[in-house]
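Listed next: structures, encoded as structure tokens.
Okay, so subunit A shows up in both of these, paired with subunit B first and subunit C after.
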Partner chain A sequence: MRILLVDDERDLVSALAERFSFRNIDADFATSGDEALKMAQTTAYDLAILDVKMPKINGLELSKRLLKILPELKCIFLTGHGSELDFQAGASMGVAYLVKPVNIDLLVREIHKVLGQGKDG
Partner chain B sequence: MTENWDELGPAGLTFYGGVCASISHELKNSLALINENAGLMNDLLLRAGQGHALDHEKMALIAERIAKHVAKANMTIANLNRFGHLIDEPVRLVNLHESVTLALNLSQRLASQQRVELVLESQDEGLVLTSRPFELVNALGLCIKAALPAVKQGMLSLRIAPMDDGVEIHFSGFDPGALELPSGSVAGALLDALAATCEVRSETLCLTLGLRQASQV
Partner chain C sequence: MRDFILPRFWRSASDSARFKGLFNYRAAWVLAIVLTAFSSLAPLLAMVSFDYQISRSAAESEVRLRTSRTVSNAKRSISFYLKERISALQFVLRDNTYKTLSARGRLTLLLQDLAESHGGFIDLGIIDQDGTQKTYAGPYNLEGKNYKGQDWFGLAASRGSYISGVFLGFRNVPHLVVVVRHDLPGGGFFLLRATLDTEQFSSLARLELSLGGDSFIINHSGVLQTPSRYHGDVLSTLNLPVPNYSEHTEVIGDEAPGGRVFVGYAYIPDSPFVLMVIKDRAELLASWYQTRVQLLGFLIASIFVVLLVVFAVATYLVNSIFIADQNRVAVLHHAEHSNKLASIGRLAAGVAHEINNPLAVIGEKTGLLKDLLTYGGSSVSHDRLLALSRDIERSVERCGNITKHLLGFARHINVSVERINLAAVVDETLGFLRKEAEYRSIEIITAVGEGQLDFECDRGKLQQILLNLVNNAFQAVSDGGHVSVTADSPDEEHIRIQVSDDGCGIAAVDRERIFEPFFSTKKDFGGTGLGLSITYGLVRKLSGDISVESTEGEGTIFTIVLPRKCGGGNGDSCEYC
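And then the complex of A and B:
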């Protein structure tokens, strides 16, 4: 399993990537949509965890562009304030929304769920 | 200038709601950063308990990150407090430097999303005038919002320019051809409430507050 984390806050994604590594999850991170799109050209990620609100390219738009490069990619969105509409829109698109600050164990469970794997998957 | 509380109607509420939403996002981001870095520290300590070497420099770096984001969140809350107090009185003596600084701070998130740095060039911190504090910060925010998409080299500069018969706030660093002046009913109501004008003169967006009460303290 290889994950791409995208958030414009480097201090957040770098910490999260390291925490994933302690849980046997390989994660790279990008701090902009453009950087994420470049990385997706060279690495076949299984899952992207995307901040919804980012400069230039927001998380939803970025997911659409990433899917053009990696059609099998799954996405989880992180949002500051998820509204009911966000969650409904996410559910209709088959993607998960989690509200920041997120519990790492909950996030890991969601990753396995989205990828259709057991906990040890 | 009237002493009426509500010169803007729903437009004022929209601005208030927008600022509160933006600030709550900033605070959520700070909490998320603190949460992940505190979690990372905890992970490293757990691993140390399992026999892995504890990297003291790394722990110090993470603690520094947490302190940085606590300070940032504290500043965000201070801005929210200042913003909340803008409606204590409809009209009062206003320190212009403080008002411009608050408008800059409240616009920081929007600016950073557009990769623009906001800079206040004026060092004159003593200029006060009688104005409507809420509408003034709202108008400054509207000018910043209008100027941001037209910024040329990643920096929007603001300068407080005392005039003989009032004060001008100058915004520079943008392409005048790409600028859409604040317009519509909200901008009109704001400028009316402040007895102000807004225009572009030689590559500078000028918010002119025609307030003869301006004085130095």
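And then the complex of A and C:
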């Protein structure tokens, strides 16, 4: 399982990536949409965890572009403030929305759920 | 009932400053009453006045015509009466010689015949050219009397016939005479003189008139020749001027002792008589006056009803406008308050997002710290832990700055006039929108001069105005667009702020209406149509002006000009300055 974390807050994604490593999840991180797209060209990620609001390319737009590169990619969205519209948009795409700050255990459970694996999977 | 006598707008106009400047209800009410009453009553009064003049003229003409007809008829009767007597005497002269007439018996017989056939003859006399009455037939003993010294003798001798006025004569009894001259074949002449009954003569002038009317005969000197009902007895002088000579019957208006009268008169031809008919003007026009009084009553009642209706309608309408204005102001106040809350809500959403990011960092860094201590064992370096702590501190500081910023902003939401630095207010307001601008790649350009743009203003209102306009600009531009806020000082008294964007612009047809309440081109997208109208209201409350320039497809510029000193001046509230 390989995860791509994308958020314009470097401190957040770097800490999150390191925490995932303690939980046997390989995670790379990018701090912009462009950087994430470049990384997706070279690595086959199973899951992307994306911040919704980012400069230049927002999370939803980025997920669409990533899916063009990696059609099997699953996505989980993180947002600073979850609006009803955001959740509706996510639900229509069959993806999960989590509101920051998110509990790491909840996030790991969500990852397994999205990837259709048991916790130890 | 109280509202009708003293309507709400009247009471409120005097004791409330709340609606001052919105509408002068009292002036509008007075104007409505004056104009409506004038336009309603002026034609009515003009029509009544016109009708009064026309109908009075018609009534007077009618009276004059009737009087003239009466006088003409009487004139013909009197003239005929006198001519008939003259003709009778002339017939006697043609049928008799001087000799036969000089016989008293014959003269008495003729007198009897004349009295029976024509009536009115009292006596007959033959007077020779020396003025001596040679023969006399009648009830008096006048034979031998000489009349040469009397005026009528000379006039009768020269004219051929003569009708005298009424006079006393030798008998000291009012009477009149008719005299006819007859020339003798051998030269010389004699006169046939007859005395006429004044009673019969008077009856000709005694017309059947209404109670206030009078008819009589005067001579050319104004001496009454027949008795009058109101103007004296025979041979007394009339208390009215003798009317000017006229060949025809005339009717004139005149002043009599009893009031205004119509005087109809006619000069009787070949006689010293003037027939006068005097009619009381008020009596003749009584029916017309009565109609006038009824119409006047109707007019007064109409005026009263019109004024009452005008008063009631004007009061009702102005009161309705007043109540509608009150409701409108209340709705706008409510909308303004809602807009203020919406502004705060927008801020809160931005702040929540802003705070959530550093909070998430804190959460993850703390979690990492815990993970390192849990899973990393003793290999975790002291420097690593210190670096994590610094990261957490930095995020906490970031949160603190955001909340301070928010508190600084919220403190000025309430009304207060204070000296402000425009650059600081613009920066503070835009601070909450920068992140959204960043996400949408909108470039915010500010050009607000420092220092020289310090001025007195209500900070909360100015913040709300800027927030509304910049939010509007954000909605107008596409991602990657430009929004600029610039400010300068066009003169020493004013500050000019411009918020411009290169968005979709406003259609010319909409431009004139954008400050109207509830006008929105974004209703399908949740626009209430109140944002710009509230902004307009806020600018007006700050004694400023707002204008808009826009080109569809190119962008929009909102320009606000504010006074450097708030008109309120009490440092407390600028609500109605």
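The working rule: the second predicted complex is superposed on the first by the 121 of 121 C-alpha atoms of A that agree within 3 Å, B and C clash if a C-alpha of one lies under 4 Å from a C-alpha of the other, contacts with A are read in each partner's own complex, and residues count from 1 in each chain.
One rule holds in what follows: a contact is a pair of C-beta atoms (placed from the backbone, for glycine too) under 8 Å apart; a residue touches a chain by one contact, two chains touch by 3 or more.
What you are looking at is a predicted structure, and each value in this text was computed from that prediction instead of being measured.
Engineer: Identify whether subunit B and subunit C fit side by side or clash on subunit A in the overlaid structures.
Structural biologist: Aligned on subunit A, subunit C clashes with subunit B.
Engineer: Thinking of the overlay built on chain A, is A:A44 touched by subunit B (first), by subunit C (second), by both, or by neither?
Structural biologist: A:A44 contacts neither subunit B nor subunit C.
Engineer: Could you say whether A:V102 touches subunit B, subunit C, both of them, or neither, answering first, second, both or neither?
Structural biologist: After superposing on A, A:V102 lies in contact with both subunit B and subunit C.
Engineer: Once the shared chain is lined up, is A:R19 touching subunit B (first), subunit C (second), both, or neither of them?
Structural biologist: A:R19 sits against subunit B and subunit C alike.
Engineer: In the superposed arrangement, what residues of subunit A touch both subunit B and subunit C?
Structural biologist: Touching subunit B in the first complex and subunit C in the second, residues 9, 11-12, 15-16, 18-19, 22, 53-56, 78, 80-81, 100-102, 104 of subunit A appear in both lists.
Engineer: If you look only at subunit C, which of its residues touch subunit A in the complex?
Structural biologist: Touch list, subunit C to subunit A: 349, 352-354, 356-357, 359-365, 367-368, 371, 374-376, 391, 395, 435, 438-439, 441.
Engineer: What part of subunit B is in contact with subunit A in the complex they form?
Structural biologist: Of all residues in subunit B, those touching subunit A are 21, 24-25, 28-29, 31-37, 39-40, 43, 47, 62, 65, 68-69, 112-115.
Engineer: Give the list of subunit A residues in touch with subunit B in this complex.
Structural biologist: 9, 11-12, 15-16, 18-19, 22, 53-56, 78, 80-81, 100-102, 104
Engineer: Going by the contact rule set out above, which residues of subunit A touch subunit C in the complex?
Structural biologist: Against subunit C, the touching part of subunit A is residues 9, 11-12, 15-16, 18-19, 22, 53-56, 58, 78, 80-81, 99-102, 104.
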